[in-house]
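Before anything else, here's the structure in question.
Read from first to last, the chains carry the letters A, B and C; within each, the first residue is number 1.
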Amino acid sequence: MSAVEQGALHAAAPAARPKTARRVPLVARALETLLVICLFLFMLGPLIWLAVRAFAAVWFFPRMLPNSWSLEWWRTVFDSPQFMHSVRLSFEFAPTVTIISAAICIPAAYAFSRYRFPGRRTLLISLFATNAFPKFGLYVSMAGFFYSLNLMGKFLGVVIVQLIGTIVFMTWIPTAAFSAVPRSLEDAARDVGAGPLRVFFRVTFPLAAPGILVAIILSFLAAFDEAQGTFLVGVPNYITMPTQMYTLVIDYPQQVAAVFSILLAIPSVVLMGFARKHVMGGRLAEGFQIR
Amino acid sequence: MVLPPVGVVAAFIGFPVVAAIAYTLGKTGGPNSMVASLAQHQHVAKHGVTLAAYREMLGDHQVLGDLWATVWVTVVAVLIVLAMSWTIALYLRLRGGKIAALLSGLSVVPLFIPVVIASYALVTFYSVDGFVRTVAYNLGYHSFPTVGYTLTAVVIGEVWVNVPFGVLMLSSGLNGVPDSLIEASRDAGASLSRTVRSVLFPLNVIPTVIVATFTAIYVLGSFTVPYLVGPSAPNLLGVSMSNYFSSFNQPQQSEVLAVIVFVLAAGIGAVYVWANVRASRRAGQVA
Amino acid sequence: MTAAGLNIESVSKDLGGRTIVDSLELEVEAGELTCLLGPSGCGKTTTLRMIGGFLHPDAGRVLIDGQDVTGLAPERRPTAMVFQSYALWPHMTVFKNVAFGLRLRKLPRSEVTERVERILELVGLTHHLHSYPARISGGEQQRVALARALVLEPKVLLLDEPLSNLDAKLRVRVREDIREIQQRIGITTVFVTHDQDEALSISDRIAVMSGGRVEQYAAARELYREPATTFVAGFVGAMNVYTGTTTGEGIELADGTRIPCAELTATGGEFTFGVRPEDVQVTADGRGADATVVREVPRGHYKELVLAAGENELRAFVGSDMRLPERVRVSFGRVLCYREGVLQHATPAAVE
């Protein structure tokens, strides 16, 4: 097998490989198309259905499409100070949380990657295992804790809550990214006289940057989409977009929720689209093995 | 250097978790005092610990119903996720081409959408006036069952959210199997399905275990999907927890449920760790 | 096992927009060990994979034992392939690897065990019956792959660069083992390589390939003595190549240098000439063109001389004891004459 064909093996998105081009029987073709249609309906159906509703003035059952179209609900959302406030808050919290998370986790990731210290594996796993405790139970207990620390309803309280959700991304992924930078490159830099800090910033970090970027994006989205904890800790002062969704769904017409959903989904779609190439790279399985 | 994140986690997760567990055992002092002061119907430990809270919850048949619902929704969701992920990943690996690229793109869509939005979209899709019933109605089925706000919808929702990870993980694992191993099997006379059974699957047990355990842990503790999509009873434990806290004002009972979920999740996590350890130990035997 | 012939009729294959195999014709006799030899990209592996069923030809047919197998999937063809990477299943023992194909055919357990043990004895691996592939050496893995292919008693055995992953010394031993086993069983075999030593030493016939076509399909001796095209001439063994015209007494090269060749009495023809180094006759002061010795390279039982005659470089093989001054005379013994890449005549003509 040529090198080109072997290279194509390591991509989750399939490249054109020379398959035995037998005439695929009609039954197989039909099944394939059915599979695609089913998956399309299953995955995208709900999203499209919701998106259409955002542009509906009136839509009664059992019509397949709205009775009449309109952008009025968009105006409703944009005119509402409450909603726009939550939008702005989301965009204040998420970057803050991401920056803090990066600042504390990336050095740790470097340590995990480069130094073999006792308990390293245990620590890595426990950072991950803390996600096993159901978030809600955690927040309840934290609520008490926060009350005594006077963090309830405070900016810092919400930051901490969102921060916790990002820690796993910000440690595991950069650890893998740093580990992927060959030691020999760092040694070569030291050999020509660069000090440890310079080696880090000129050699290690740039090479690990794509992985770190993915971690940053995933952390940003984790913070941005965090709802339960923010609900518990931030109410009534700080209501972010996801938290707002919970009440929207119950108290407002479906169209408003639909509009809000699209707004809330935009950062996700944009950022994940950006990170897609790296997330979907074939090395994902290795990243989850504990070495 | 490792201290900061570990410190944050220890302080803001580890500590509250320990305090929560203590609380469930009746310790209402110290860090739990704030919550305890607002709580109703607590079981306080006179000395040592008391299992009264656990006895109450595990004796309550509605709670047991919730526990059972959580477990079977988890099991069903995991099985469906595995089935779908394997199917899609196998197709990607063995067929390639435009259809495969389309499938792979579709299967990772959920990664792009926040869970809150997804849940809401799913419940409107399957609700009384949703897509499914609308199509059915227009085809003549006027009383097609409503899936929304049932446990079935919860299963659908959890599957929807977890398929991308399954597909990515299994694709990655399957791509690690060289073409020549598959060709050698066919050369020996094995049909494609036999090749999958004898070569592809045994070489991908670990990724399968990873997908199963991660999905199970996620579903066990999940809140948003069952909250927005599920019935008012029985609830998944994630939602029950919230009810006991917010509606009934019984934080201790809420924490008991959290600990139960945690124990289940930890058990599953142990499977993941064991599988990984076994794999790295066998790495000497199996290339 | 009765041997089967293999026929490849006008097979073509395009990959990635390029024509890799171009109307290829090949007729392998039953029980013959044929080699597909050529540089990277010549289409040899693609051809092999088409015989095995892993690629479907765009045009043409593949026949085994007279039967058209072109439309058959690999699992249905009476071929067995030994892959370049051996492709042993890492989660199965040696025994299980070899037994796999037999188990598929639902043979009784005792027969499976008996056949597997017999074949492993043939390749000398009984002591590794229950080892895992990761634990045995490269050469041993290769033999397992061979055993796995042979145990199914295929009509045609296919080998894809079987020796390229082995170190040099091992290569020589293993290729002779392969030849010995092949002859003992009498199985029709096609193997692919880019190493001419390998091809020349064990094949019955060699198909030299270039650009998706067979340039010449013949036994080693004929390939060497009468290469049908300039490509084969240059690929198999060393060759001096020049353009020029015949003079009646020899050759006149492009720069005017005249080199005598006793056997070449034709005149006025423009050719591309090929002269093997051993056919370059070098003397201190005999008949011939003037030349200077640029370099002497000792090669054990012979010496290679690099000579300059006019603006031309000549390479000659002479005895290792030969003592020569710096200025010598060269003439040609045997010359191959090519026009438009194809051999027109050789002197002296014909292979014995």
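Basically, a residue touches a chain if its C-beta (ideal position, glycine included) is under 8 Å from a C-beta of that chain, and two chains touch if they have at least 3 such contacts.
Values in this document were obtained by computation on a predicted structure and should not be read as measured data.
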Quiz item: Computing the C-alpha centre of each chain, which chain sits at the greatest distance from chain A?
Solution: C
Quiz item: Most contacts: which chain pair?
Solution: A-B
Quiz item: Could you state the distance in Å from the CA-based centre of chain A to that of chain C?
Solution: 56
Exercise. Compute the distance, rounded to whole Å, between the mean C-alpha positions of chain B and chain C.
Key: 58
Quiz item: With chain centres defined as C-alpha means, what is the inter-centre distance between chain A and chain B in Å?
Solution: 17
Quiz item: Where in chain A do residues touch two or more other chains at once?
Solution: 1, 16
Quiz item: Do you know which chain C residues sit against two or more other chains?
Solution: 53-54, 73-74, 84
Self-check item: Per-residue overlap in chain B, given as positions that touch at least 2 other chains
Solution: 178, 180
Exercise. In the complex, go through chain B and note every residue touching chain C.
Key: 178, 180-181, 183-191, 194, 198-199, 202-203, 284-287
Self-check item: Footprint of chain B on chain C - complex, ascending
Solution: 52-54, 73-76, 79-81, 83-85, 87-91, 100-101, 104-105, 132-135, 148-149, 152
Practice problem: Would you tell me which residues of chain B are touching chain A in their complex? | Solution: 1-6, 8-9, 12-17, 19-20, 23, 31-36, 87-88, 91-93, 95-97, 99-118, 120-122, 124-126, 128-131, 133-135, 137-138, 160, 163, 168-169, 171-173, 175-176, 178-180, 206-207, 210, 217, 220-221, 223-224, 227-228, 237-238, 241-242, 245, 251, 254-255, 257-259, 261-262, 265-266, 269, 273, 276-277, 279-280
Quiz item: Where on chain A does chain B make contact in their complex?
Solution: 1, 5-6, 9-17, 19, 32-33, 35-36, 39-40, 42-47, 49-50, 53, 60-64, 104-105, 107-108, 110-112, 117, 123, 125-127, 129-138, 140-145, 147-148, 160, 163-164, 167, 170-171, 221, 224-225, 227-228, 242, 245-246, 249, 254, 257, 261, 264-265, 268-269, 272-273, 276, 279-280, 282-286, 288-291
